[in-house]
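Below you'll find the structures, each written out as structure tokens.
Heads up, the next two complexes both have subunit A, just with different partners, subunit B and then subunit C.
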Partner chain A sequence: MTRTPPALELRAVTAGYDRSAPVVRDTSLTVDEGEAVGLLGPSGCGKSTLAKVAALLHRPYGGTVHLGGVQARGWRHRAPRAQRTAVGVVFQQPRLAADPRLTLAALIAEPLRATGRKAEALARTGELAGSVGLGTDLLGRRPHEVSDGQLQRACLARALALRPRVLVCDEMTAMLDASTTAALVTVVEEYRTSTGAALLAVGHDRTLLERWCDRTEEMPCTAAGGPPLRSRAPDPVSVPGFGPEAPSDH
Partner chain B sequence: MSIPAALRRRTPRGKPTAGRGLRLPLSSCAVAAVLLAVVLVPLLVPLDEQAVDLTDKLHAPSLAHPFGTDDVGRDVLLRCVYGLRVSLLVGVVAALTATVIGTAVGAAAGAVGGRTDRMVMRVVDVFSSVPHLLLGIFIVAMFRPGVWPVVISVGLTHWLSTARIVRAEVLSLRSRDFVDAAVSGGASRWRVGVRHLLPGVLPQAGLAAVLMVPHAIWHESALSFLGLGLPTHRASLGNMIQDARGTLLAGDWWPTLFPGLFLIVPTLAIASLAGVWRERISPRRRSELML
Partner chain C sequence: MSQGTGAPEPLLSVRDLSVRFRMRGGREIAAVTDVSLDVAHGECLALVGESGCGKSVLASALLGLLPGNARVGGSALLSGPGPGEATDLLAADEATLARTVRGRRVGLVPQSPAAHLTPVRTVRSHLAETVRELTGAKGQALATATVAAARRAAFPADHLDRYPHQLSGGLAQRAATALALVGDAPLLLADEPTTGLDRDLVERTVDELRGHADAGRGLLIITHDLAAAERIADRVAVMYAGRVVELTEARGFFGAPGPRHPYARGLLDALPERAFRPIPGMPPELGDLPAGCAFAPRCARADAACSTVPALSGTAACHHPVTAPEPAGCGIRSEGSRT
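Right, the complex of A and B next:
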């Protein structure tokens, strides 16, 4: 039996923002077709960086990314458009991920317009908004006129507009309440069952990711070769409860 | 020692006002009056810039000549209005030129980044290290005196600060998630620049343009004052002040004072209006009058 190539494969990725101290070191990850993988780890261990590498938005110092068995040939604008758009991304903070000057309709239609499918953009915006449970009355509003949850729904619709084979959700629900979280997870799952897309869900909510995903991966934190947390001598002026004698939870 | 309460100007909410309540109405009235004057007066009263009347020279302000006459008998009020018109024209066109160049260079440097960005900004640093006026004199000296050499000279020497502002703004916008989202959605470099980055920097660029107008007017006057700007017979505020220097020493104050006021009041009004605008778009920073 020939095995279909994984939808997303990261091989020995080393990435970060300072070459001498990369956040992600030699990390490999495979997400098969139709599979949902959760990526867990404490804050600052490079989950989001790895997610950006997977979406070809951040150039790693080393390692390769393969989409559907084909190696990515560049990063950001240098990546071929077909490879870039094969990965849909939802970011943690909808306020930052939405251009404040666009209406929600323009926001959702943005990828369709950017890829030159203007007619399709007009036709499908309403349908996309409906699929994420966004009322058509909200489509004329701008990001500051809607709630975080509504905006995140629009951002999810934008990520789904080009029907990506892989969906990367970078702490998609971290800013949201339980019912919106449930609604968005349902939307993602409906999309995945209808298209067979793969999912890489990044987060620190273990309960959610373990119930949502087929398997979860633990991001090795600083212990596994990463830069050690900088130890600092206690300040001469001690703060009650934070001094050297205070019990540490680390 | 604390300031006596009577000397402190405070609003009912307790914030120091520094005359903020009157700033918007006063400056907008002044700008409106200036615009009306430079548009209407030339329509109603034509000025022969070459005409002199030596029988009527150096009259003190009177009903016939509210600002008096200069040393060759020309009406100071009329020449002030015409001079302001030229200054405004030069100021606005030069500020627009500088802003367009600055925005294009700054946005391109910020958007492309990397080595291009560093090289462009070093060139900007080099040009910034030469005084603007000196560079401006160099440029006007290459042409015959006239309005357009002055516009070119001021426009070509004043885009540097705008380029810096726009580049900084683009750099901060470029790292936002919504740009990542657009890239992931298949947007080209051009589309990201035009649709997401440029609209974000336009308020800053517009503000820089308005703040540039008074600065450009002062530069035009300075060049004319040095005899390098407009032809000497043209009514220009710089030319008028230059012509009147001799008469000031003889005690005739009006040919100097009025062009000076015509230079100061509109430029302060425009700068003050721009200050109000700046407070609106970046409310956290206190605006100071910048000329």
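Right, the complex of A and C next:
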């Protein structure tokens, strides 16, 4: 019997910014189709580096990355288009991630234009913006004219523009208030429910990731990396509106 | 409330503080409107709200650090320097603020510590300069006082010779806190001191700040991190669209009976450890506030009465405050019901 290959698989990845002292060492991680995995760890433990490797934005020193069973062989702009577009990524700081010269509309449509789908860019920008709760009145503005929360909504819309099979959220909500956090998680879960996409959510907020994800993994934190990840399944909790159970409240 | 007649004179007393920014094209931004609050010695007041709600502008106003296109109204009396005296932070001139207030009577724990520190100088050099300036210490006494200043903010002595870019976010925050504490200012103003820190570092940072309040300082912490606010605050002020919409004891706010203002209730219900349900919609533009209660477009309790701005009466500024504990989210429309 053939099993569906995992949406994302990192095998024995060693990565960092100094070959003699990699921040990620021999780390493996699997995210199945439709699965949401939270990667927890304190800052400086290499989890953001691992997220960049998973998003094909950072070339590891060792190990392999597989998307839908296909091994990645190129990184950044050298990644084959089919693989590059299979992963959407949202970072912690929208102001560093977003080109300050672009309007929110251009920002959201950027991946569509970059892949030559201009007509689709025109047609879908409004819909994408609407899906993250951005009204059309904001689309003509540039990053400095909107709040962090609004800009992060635009960055999420951009990450979803190419309908990725895997979404990597690296501390997506760390700068945001509780309501905007819950709103962005709701958008991600709506997208995943309708597409079956996988999620790797990286962060340090255990309460958030345990509530959001199907399971969480601990990034081992020794300065020199550490043993492979331990897995821990949380009590099943549903995100309101996305699971069969009623949300618990207390 | 700590504003009863028998209460000691507050350390900081803000009355009807408003800040307006004049923008190009004559547009006006109502960043802060009619805010009144007190901070007592030994007390921590947490000012919470979404980014862009005006809370950081309020902090800048108290420090006289607003840009030139800002117009400020109201008063903010800081007790001192002598007994029975007070300085109006909003009326004081820049020379007074620079020479006698900032760093000496109000210590600022900044929002982005890395940006607050000069990149070309080590932490030791930053601290030493501030210690020299504020205490006049020299030579060996200066060196000792510098190390002691670092220790007070739990900044590790073996990192003193590092440059800001060589510090983790947590250590940069501690370096900035150490600087804020040098002058022994009676009032500490912490603007989002925990942004970007891990949870255990958040807890350590707020516990350290709490310790400074317990030592008799007043602490005004501005944060969007409700867990941090719950851990540190005696009282909470919730800001929405430039106004304080709820001002109450922290214990009853985070525990039972819970917030009385529908916005504050929605904010708590959005927490992952609670209902994890967002408040529908987004806050209004401060340059284009609706008439009446600014929360009305997002509020399930809104009715005709809400077309006038509710005054803060009791602990909440709302025409229909939540009275009894309700099931989470009852006062908030669900996302789906809009469509």
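Simple rule for what comes next: the second predicted complex is superposed on the first by the 221 of 250 C-alpha atoms of A that agree within 3 Å, B and C clash if a C-alpha of one lies under 4 Å from a C-alpha of the other, contacts with A are read in each partner's own complex, and residues count from 1 in each chain.
As a convention for this text, contacts are C-beta pairs under 8 Å (C-beta built on N, C-alpha and C of every residue); 3 or more make two chains touch, one makes a residue touch a chain.
On a predicted model such as this, the values are computed, not experimentally measured, just so you know.
Quick one: subunit B and subunit C on subunit A, clash or fit?
On the superposed model, which is not a single observed complex, subunit B and subunit C fit side by side.
Classify the contacts of A:Pro60 with the two partner chains as first (subunit B alone), second (subunit C alone), both, or neither.
neither
Please indicate which partner A:Gly38 is in contact with in the superposed arrangement: first for subunit B, second for subunit C, both, or neither.
Neither partner.
For the overlaid complexes, name the partner, subunit B or subunit C, with more touching residues on subunit A.
C
If you stack the two complexes on chain A, which partner ends up touching A:Pro111: first (subunit B), second (subunit C), both, or neither?
First partner only, subunit B.
Based on the superposed arrangement, let me know which partner A:Gly149 touches: subunit B (first), subunit C (second), both, or neither?
Only subunit C; A:Gly149 stays clear of subunit B.
Touch test for A:Gly16: subunit B only (first), subunit C only (second), both, or neither?
neither
Give one of first, second, both or neither to describe whether A:Pro6 is in contact with subunit B, with subunit C, with both, or with none.
Neither: A:Pro6 stays clear of subunit B and subunit C.
Considering only touches as defined above, state whether A:Arg84 meets subunit B (first), subunit C (second), both or neither.
After superposition on chain A, A:Arg84 lies in contact with subunit B alone.
Superposed on chain A, how close does subunit B come to subunit C by Cα atoms? Whole Å, please.
Scanning every C-alpha pair, the shortest subunit B to subunit C distance is 9 Å.
Take the contacts of subunit A with subunit B and those with subunit C, and give the residues found in both.
none
Mind listing the subunit B positions that touch subunit A in their complex?
Residues 176-178, 180-189, 191-192, 195-196, 199-200 of subunit B touch subunit A in their complex.
If you look only at subunit A, which of its residues touch subunit B in the complex?
52, 55-57, 76-77, 81, 84-85, 87-89, 91, 93, 96-99, 101, 110-111, 114-115, 155, 158-159, 161-162
Quick check on the complex: what are the subunit A residues that touch subunit C?
Result: residues 42-44, 92, 133, 147-150, 174-183, 185-186, 204-208, 210-212, 239-241, 247, 249-250 of subunit A touch subunit C.
So in the complex, which bits of subunit C are touching subunit A?
Per the touch definition, subunit C meets subunit A at residues 49-52, 168-170, 195-201, 224, 226-227, 266-279, 281-282, 327-329, 334-336.
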